[in-house]
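Multiple structures are listed underneath, in structure tokens.
After this come two complexes, each holding chain A, first together with chain B and then together with chain C.
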Partner chain A sequence: MMRVFAERMVEYLSWAMAFLLCLSLSVFLSYLLIKGLPSLGTELVFGKADPLSVLMGRERVFDGIFPAIIGTLCLVVLSTVIALPLGICSGIYLSEYATPVMKKAVGGLFDVLAGIPSIVVGLYGFSVAIFLHHHFSGRLGPCLLISALSLGVLVLPYIVRSTQTSLEELPAHIRHTATALGATRLQNIAYVLIPNALSGISSGVILAIGRCAEDTAVILLTGVVATAGVPSSLLAQYEALPFYIYYISSQYTNPAELSNGYGACLVLLGICSALFMVAHGMKKRLFHWALYRL
Partner chain B sequence: MPSKDALAKSVFLCCAIASAAIILAILGFMVALGIPLFRESTFSAIWFGPWAPHRGAYGIWAMICGTFWIALLATIICLPLSLGMSFVIASLGGRRIRKLLGALVQFMTGIPTVIYGFVGIFLLVPLIRQGLGGPGMSVLTASIMLAILISPTMILFFTDSLLAVNTAYVQAAKALGANRVQRLLYVMVPRALGGMASGFILALGRALGDTLIALMLAGNAIRAPQGFLEPARTLTAHIALVKAADFDSMEFRSIFACGITLYLFTVLATIAVRMMARERVAVS
Partner chain C sequence: MDKVPKQKKEKIIFDSVNFFYGTRQVLYDISATFYSNTLTAITGPSGQGKSTLLGLLNCMWNEVPNTRCSGDIQILLGGQWVSPLRKDISLSHLRRKVAMIFQEPNPLPMSIGKNMAFPLKLAGVRDKYLIEEKVHTALEQAFLWEEVKDRLEESALNLSGGQKQRLCIARALILEPEILLCDEPTSSLDSKAAGIIEELLVSLKKDCTLLVVSHYLDQVRRIGDLVMTLENEGLTNFKERSS
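Let's turn to the complex of A and B:
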């Protein structure tokens, strides 16, 4: 009797908990939508400036989130360019060449890196900036390049791991056919293994991009500022969307700024969820594309 | 002249070594920059001592306490939610509900942390302040938001390990007349415990390492919290807040002690997860 009662309770409680989580998530999202939707529009992005002349580079935006969007975009592109080759090559090495001992040792290090809090990675970037400042040039300091490097380090394990696992998961008949026909190891990797593993690799890359776009703790320490305009060089300070949201939350002075903050939240959420859906859709699409392209 | 193959291999090897070296360099830089602090005072004074800059004491014990209060409370709130949700996704729900909830959890992993913090400030903080009293920005506020943030990690791990249980066992139980709840409780959960434990530890790790939510919602007072409605400061928030201080001051050096502590927590958590994975392999 007791047992039946306990089983019943588990069932009811499970449903209740699932419902509670869904409820809190929908309260969270609808609150954001109600507060944020009214502020969405060109006013939010470009402020009082004319969108066309801003895009042509003839006018500066002072009260919109345009510089922040551009800053985030620069960050994402730069850090992906930095992390991608390094991560994919490391992943290939771990999957195809490494001895079991090496795999374990290096794989353990990447597990640690994947778990390191992003603020610690930011602290590392910050220390590197200080180091460069003291030993090389007083002009160097926290800047766009340092941030992009640190973000690259932050997402490196995602790329390495997704490359390694999607290569390792390839079935034996794909793995051995080309080598049996006389292909070298490199040819096998370049023409058979990578194309077949491309879907897994690229969804890992897209998740990494999403992480670059949303992370705040790293850039907080490595050169993001509240007002910098569109970044002029790699060594300049810059604005970014997540930092803008953080900044508004504590420093807003009037309701208009606050509502801009909600708008920025929606824009960032839109970017991240779009990337996320692309990552999921890509898994299937790319698989077909990679297989039938040759 | 080396062949193309050998060249490629050494390029791949260099990349792997370079990326592994970065991970060690992170620790190296923090230790190197933290050395002045360790020279001035003892290890135990730094970790267990009080924070009193005017007296030259830079102990981070209050921050360590704050970190654990917030992270543990968050995982305690998160655990029943995630258990319930993963039970529904893995077994109890109908096919459409399972698919829908699964997609929802996947979507949750993509929500930026700073947005949780932003909504927390304007929605949750006033609620807590009016409903439970206190300053509003407190351990509890940060933990609730953090629980929602880490729940997808836990749910995905729980669901994956529940569904990874060999279907032969589940089918056998079904043939013996066990209903869904019985199959879940007596067949799937016992065999999935190892994977579920690693999910729990990873979620705890995320909670320990999160910066933005604690920074925005916990109030950041440097004092070990005495209750759930009191403000607290975490190690991560401390790093974010002190970085503006003078580069050569000891106050500034203390953030490297925080960084090293967080790094060590991560290493411990990773080792724990790995050991559990090894045990799981040994059992099966």
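Let's turn to the complex of A and C:
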């Protein structure tokens, strides 16, 4: 009797927790929509500038979030490009080549890295920026590249661990198929293991993209400013949406500005969703390509 | 009646082979001889090292961490005796010539045609016509051509269990192996599909030497030219008897 009761309770509790989670998410999204929708429009993005002129590069935006959108996109793409090869190669090493001792040691280091607060990574990036500033007579300093490098370090553990775990979790029958057909270890990794582990790897990449898009602490110390315009080069300062949201919500002078902050939140969510969808779409294409390229 | 040919030609020789997973020994001083173009069935209780014994021949045990092996194994490949344990042959070449079929059919998540061409492409074969010809021949050898000739572009995962296993056998045969190792190839199949696989394995004797691990005594007696039992009586011993 007690056992039946306990089983029912666990079932109801699980259901209730899942429902609560969905409800919280819905409330949160609805709140953002209610607060942010009124400000969504070309004025939020381009301010008083003509959108076409801005897109053609003929006019600068001074009171819109267009530069922050471009800055965020640049940041996400750059950090991912930096972290992806490093993370995937390290994951492959840990899963396929490392001895148990190395696996423990190197894996432990990545776990430590995953646990480092982002502000500490930002501080490290800041120190690098100061070092470069001193040694390159002011030509180098906090900039988009240093932010991207710092964010790359921050998200590296996600990619490493997701690659390692998804490779290690592949069933023996997939792992041994090509090997038994005479594939070398590299051929097995390239033509069978990686394509079959792509789903798990891409989850790590999606997490990493999300983290790159939303992290404020790192960029705060490494190159983001309130008014820099569209980044002109990798060594230039830039604007980013998370910083804009932080800045406007802590410094707003009227309700319209705060509403712009909520609007920027919606834009950031939209960008993240679009990036996730692109990553998901690429996963399917990559899986097909990776399996059939031989 | 002994089904082993009168003129027996030695193909594989185990000489005092011991095998360990970590500190646990699973094979004890195994010495045995297997003959060319013969189907040897290996049976015995679970956990006695039957699959391990097969895995030694194409060095699949190398893929399992913390294992070691002592003794010697000699295999006659291309007219020359080689020793996989002494590594006097490249792993890739060894595994192409000593193919392995697993308990669970393991087609890759790609089309039937691509699955078949996969080992050839791994081996560096790029000639499209040669690949097509070999795919055709291997599928015919595995009694599968008629069933899939119009579906080569379809996913191999859509095949039935028996068809998947025959596809895996065909995929192994495409490399023209001299030895085919089968680790309980029918255990996941129904009796009809198992019957077809049995018939197929017997038919392959003319082209290669087969070692088949099986739990089913009736199957072992039906298809084996030689039946060997791997069992644990204090020490694991290896008995040979004619069927």
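In the analysis below, the second predicted complex is superposed on the first by the 238 of 294 C-alpha atoms of A that agree within 3 Å, B and C clash if a C-alpha of one lies under 4 Å from a C-alpha of the other, contacts with A are read in each partner's own complex, and residues count from 1 in each chain.
Basically, a residue touches a chain if its C-beta (ideal position, glycine included) is under 8 Å from a C-beta of that chain, and two chains touch if they have at least 3 such contacts.
Note that the structure is a prediction, hence the values are computed from the model and not measured.
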See if chain A has more residues touched by chain B or by chain C, and give me that chain. B
Answer with first, second, both or neither: which of chain B and chain C does A:Ile116 touch in the superposed model? first
First (chain B), second (chain C), both or neither: which does A:Leu145 touch? neither
Let me test your reading of the model: by the given contact rule, A:Leu268 touches which partner, first (chain B), second (chain C), both or neither? first
Thinking of the overlay built on chain A, is A:Thr184 touched by chain B (first), by chain C (second), by both, or by neither? both
Now for A:Leu193: first (chain B), second (chain C), both, or neither, which partner does it touch? neither
Go through the superposed model and pick first if A:Ala49 touches only chain B, second if only chain C, both, or neither. neither
What is the contact status of A:Met282 with respect to chain B (first) and chain C (second): first, second, both, or neither? neither
Between chain B (first) and chain C (second), which, if any, makes contact with A:Val230: first, second, both or neither? neither
Under the contact definition given at the top, report the residues of chain A touching chain B in one complex and chain C in the other. 184
In the complex of these two chains, what residues of chain A are touching chain C? 100, 173-184, 187, 191-192, 196, 291-292, 294
For the complex, give me every residue of chain B touching chain A. 4-5, 8-9, 11-13, 15-16, 18-20, 22-26, 29-30, 32-33, 80-81, 83-85, 87-89, 92-93, 101, 104, 106-119, 121-123, 148, 151, 179-182, 184-185, 202, 205, 208-212, 216, 236, 239-240, 243, 247, 255-256, 259, 262-263, 266-267, 269-270, 273-274
Can you list the residues on chain C that touch chain A in the complex? 58, 60, 63, 65, 91-96, 99-100, 102, 104, 106, 108-110, 114, 118-119, 121-123, 171-172, 175
Using the touch rule from the top, collect the residues of chain A that touch chain B in their complex. 7-8, 10-11, 13-18, 20-22, 24-25, 27-28, 31-32, 35, 85-87, 89-90, 92-94, 96-98, 106, 108-113, 115-124, 126-128, 130-131, 153, 156, 160, 184-186, 189, 210, 213-217, 220-221, 242, 245-246, 248-250, 261-262, 265, 268-269, 272-273, 275-276, 280
